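Below, subunit A partners subunit B and then partners subunit C, in two separate complexes.
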Partner chain A sequence: MSKQSTVHFHRMKDMPSTHLLGTGTPMCAGCGGLETLHTLYDILGDKTVFVNAAGCMTLLSVYPFTPFRGGWLYTAMASAPAGAQGVRDAVDILLQKKKLSADENVEVVVITGDGAAYGMGMSATSGAMDRNLDFIYLCYDNEGYGNTGQQYSAATPHAAITSTSKGSHGYPGYKKDLFSIWAAHSPAYVATVIAAEPLDLAKKVEKLQSMTGPRMLISLAPCPPGWDYDAQLSVEIGRLAVQTGVWPLKEFIDGEVRHTKVPKQRKPVEDYLQLQGRFRHLFAPRRDATGIAEIQARVDDYWALAATK
Partner chain B sequence: MFRIRFHGRGGQGMKTASRILGSAFFMAGYEVQDAPRYGAERRGAPIFAYVRAARSTINERGIINHPDLVVVADDTLVGMPAAGVTQGMDENTLLLINSHESAQTWGQRLNTRARILILAAQEEVEDRAELPYIGSRCAAAAAALTRVISREFLIAALNEELAHLNDEVIKGNRDIALVVFDEMATQADLVNEGVQASASDYVRPKWIDLPFERAEISNIAIHAAATSVKVRTGLWRTMRPVINYDKCSGCSWICSTYCPDGAINVRDDGYPEIDYEHCKGCLICVAQCPPHAIESIAEQVARGQENGATP
Partner chain C sequence: MTRKLLTGNSAAAWGARLAQVDYIPAFPITPQTEIIENLAAWIDRGEMPARLVTLESEHSMITAAGSAASSGVRAFTATSSQGLLYGMEMIYTVAGWRTPFVMVNVSRGLASPITLESDHNDIMAARDSGFLQIHCATCQEIADSILIAYRLAEHTQVRMPAIVNLDGFYLSFTREPVDLADASKARAFVGEYDPENLQFRGNSPLSQAMAVLGGGPYSYFRYEMHLALQHALSVYDEVVDEFAEIFGRRYDMIDCYQMEDAEYVFVMVGSFSTKARDAIDSLRAAGRKIGLLRPRLFRPFPQAQVRQLLQGRRAVAVVDQNISMGMGGVLHSEFATALYGASDAPLLASYIGGLGGRNISQQEFFAIADELQQASEREVAPPPRLLYTEEELTEMRKLQAIAQAEHAEIHQH
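This part shows the complex of A and B:
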């Protein structure tokens, strides 16, 4: 496959104005994950095979309907990267035997939610990176098991209310640092992205297209029903996640981590938190100053540490 | 056995309504089944939930095909075939519609043998997905129309099913549910309890037996691209974004990029165009348009204007 690409996403105007992903999917109105997927797909193009672990996006392709223009394979929740290995191997054999021409080659793209990526799919993902599998992995991270009613996952942030963390303080645990876990495998590429920053997302997709090996993306995916906010705020909340420093946009290449968008003056985390019903208990009936301060302190610590590197 | 079906949109609380009614029946000594039924659809999409309640063991399973009572939370669903509101209704069925319009009007529209009752709609809300207290109102109305559930059991069921909400919200639901309960308790038209069918009474539908086909015939591979466009997710919409082209700067890329569904296309002249067949009404475009050239109007108002404009 010719993997040549030049970065040409500089302005909003450079974003694709026609969309490859079909409309009519069953994703919720205002889905932040679908927003990332459609941008990714617009840039990758239709020579792609998607391998989809169980999750919200399983519903994208329900026979006889599919929003894709190429292949789609459904796997069990823990095994999408293993499915990707099979597709990659099959395509490579067909190429080798000249049953597929070079221009019929496809890019294999895994899509899973955070339930699979941060939890039960981690072993298959780790194995795929060990084997240096040539694939792209997009995790749409809506910080919970969204498809089944937002039970907590290993990606759920501290203090968020989920359907299994309903107490007055929300989820007691802390969001797992999947970026670092993935980066520790030294794959070709790891990046965090968000649909609310489409240029940053587009540049990263452009960049990974010119690479081979495991290319890993984690997209924070604002989720109107799971996070309990009005769907029209999806982009606003996504942008605030970046501006408050809660969701750092960064990439890992050749052993180095680089932040791709550093908020100059970080907004207070409460700007992000207070728009979401899952954090409402931090503000009403009484303001939980200690709880908010703890979340702020963790974000501050992250950026203080990042500045020393 | 009582067979009751609730129809609404995702977000209106039909699942909760069926749970409240189910719990109230249970407290009144009934065997109960209650279940929501939604496929892959989401907020705003037509969904239904159903309750079976009987004094003896319930052997029936699955969705209710011949309802004794159909409760409709949102009257815009009644004429929508995909919502299946009128499915299986006969002269034994009582149809309760939350509507501003009269039973007579609905009777003329539907040409149905079912008896029709109106649950007087409260003040119109802009966004139908946000109808206040509608789940509790529907549950209370259904409870009263069965005449076998007392006020006390209804209150207890509401408290139990809404326990995760704060006290003020629970009280609001309770107060409004009791108003509806008392109003419906004076209605002369009641739910007729249907008879329990026995397995030996089962009449085989007039199916045509087809031979078992190999998968490549019965489940043919579809090579067409993006077939999802055949699904009209525009039906989910309760609010409609409308572009004011006088204000639109023609930047196009912003609304079109942020639209999660790819339902905003860029026309040849560079201006954006919303695909209403598929727009789900999330209104991200309204929130993100830099010159505020997209406004939102209630879907039922927009449809009314369309119908009014058509000769």
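This part shows the complex of A and C:
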């Protein structure tokens, strides 16, 4: 397979103008995960095999329909990276035996939600990175067990109301730092992305195409039903996640972490929070100034630390 | 053909080697580990052109075996006990992928309490998954069954994964002489792996294991699996006939010993059946008409053959090396199902023994034979028995006394 990408993404008109992924899937309107998948798939092209774990995107392919031009394998919640291992190894064996020609090679892409990536599937993901598996992993992170109705997961941010944290203060825990956990394995590439910043996403996909080994993407996936906002706000909320510094866009290559889009003047976090029903308790019936300040302080601390590196 | 002294584990590794497997996702677990160690050594020395990858769990290992077989290569893997249970979600899942590969399970009792020694509760837990199951009693049978299992699993009208089962320690670590099939004959017998429609290719929209909506499509696919397994009964006969023709060894789906005129029958699977054979030799010498019926093929279950072989016998003792809590022996239930309503059916008795490697002594087989005879005279089946001796209970009481003394001592301090 050619690891040379011929397209360079400088401005929006460089982006693919048509989608490879078919329409009519049961994904929710405004799904931030689906938008990321579109961009990833459009750039990678159709010689891809997707290996999926239990999550929202399990429903992309429902018998007898598939929106994909290439292969799709549903595994289970915990073992999508192991499924990718089997496909990759088998294709390599067939290439070696000349039972497949070089142009029949495929890129193997794991797609899982945060439920699998941050929790149940972490062991299999760690193992795949240990083995330096040549694959791409896309985690669409909607910060909860979305497909079962948005219960909190290890990816849920502090104070978010979920269907298992409905109390007046929301989820008491803090979002796990999956980027650092993945980066600690020193895979070829780790990046955070978001569909609302398509050029940043496209550049990262272009970059990982030139690499081999584990190439890991975590996409924040704004989720209208899970986060309780109107679907038309998905892009705006995604942009605000970046502009407020809540979702830092960054990448890990060769032991170094680099921020790819640093907001010059970070907007206050409440701009991001107040658009989402899951944080409404911070603003009504009374404004929870302490709660908002705590979230702001954690974001500020993150960027202060990032500036020292 | 070469004759070697091999452990059951080595025989299993040879089976995989002779079957020309391409890919071995692996994970160590006692008492299976020697299988993957042997394979890894051959691959490292360049004697076997295959790829072995150690996954981080059996759950992942079985996923990778299934996805590799679905991508066009012949896969082999092996596990035991806790490993089989850890991977159980994927055992059921990959069976639904209709992806043919072979897994060896080296039977070992399940926790808790934890043990390394053998019984069949692990493999019985995979009973309803869709995997074909072949149970072995000798090291020779292990090597041969792996070749047979690939033919059966990959058959165009079956297309299901298969488990070849052998007993931990009693077979895994016991050396027996094994005739290894000539490599070229084995290659010709097993043939090239034909993935049929299971191939992921660039720009080819193939979906595997996708969701269905509603019970109609779900039931259809599940019934298809059941029918494929049932069809595997006749395919099995074809495959073993061909095997016998080429290699001179017969592996009927049910192994019969001294059954011709037998009025009484022991039913067992696995290597402990060789203990029953010994007992039968002694009993026969004393003039008792008793034989052994050993299902080699356990899934699909050869119901009609069981019924035909047991009709007209006086009494049958099913000796289970497993226990379904609150019900009893699994094999006993299966035999009861097969015999229910049959005219001239024998009395059926249930014995549980050999859990966690516990021996079943010759005296116990003799006692079972006596009980069968008495039952037949009274025309009432005996109640189910859990085999355990006075001596074992005395030893257990001693262990309990020590445990209690230790407990008391800790509380004093």
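Quick notes on this structure:
By our rule, the second predicted complex is superposed on the first by the 307 of 309 C-alpha atoms of A that agree within 3 Å, B and C clash if a C-alpha of one lies under 4 Å from a C-alpha of the other, contacts with A are read in each partner's own complex, and residues count from 1 in each chain.
FYI, a residue touches a chain if its C-beta (ideal position, glycine included) is under 8 Å from a C-beta of that chain, and two chains touch if they have at least 3 such contacts.
Here the structure is a predicted model, which is why all the values come from computation and not from measurement.
Touch criterion met: A:35 reaches subunit B, while subunit C stays clear of it.
By the touch criterion defined above, A:27 lies against subunit B but remains apart from subunit C after alignment on the C-alpha atoms of chain A.
Contacts of A:86 after superposition: subunit C is touched, whereas subunit B is not reached. Contacts of A:126 after superposition on the shared chain: subunit C is touched, whereas subunit B is not. Within the superposed three-chain model, A:231 lies in touch with subunit B and out of touch with subunit C [touch as defined at top]. In the overlay built on the shared chain, the residue A:193 is in contact with neither subunit B nor subunit C. Of the two partner chains, subunit C is the only one touched by A:106; subunit B is not. Of the two partner chains placed by the overlay, subunit B and subunit C both lie in contact with A:46.
Once the two complexes are laid over each other on the shared chain, residue contacts for A:68 go to subunit B and to subunit C alike. Note: residues 46, 59, 62-63, 66, 68-70 of subunit A belong to the subunit B contact set and to the subunit C contact set alike, using the contact criterion stated above. Those residues of subunit A that touch subunit B in the complex are listed here as 12-13, 15-32, 34-35, 38-39, 46, 59-60, 62-70, 166, 195-196, 198, 224-225, 230-236. Residues 22-23, 25, 51, 53, 55-57, 59-61, 63-73, 75, 89-90, 93, 200-213, 217 of subunit C are the ones that touch subunit A when the two sit in their complex.
Residue ranges on subunit B touching subunit A, taken from their complex, read 39-44, 164, 219, 222, 225-233, 236-237, 251-254, 256-263, 265-266, 275, 277-278, 280-284, 286-288. Considering their complex, residues 46-49, 51, 58-59, 61-63, 66, 68-76, 78-79, 81-87, 89-94, 99-100, 103-106, 123-124, 126-127, 130-131 of subunit A touch subunit C.
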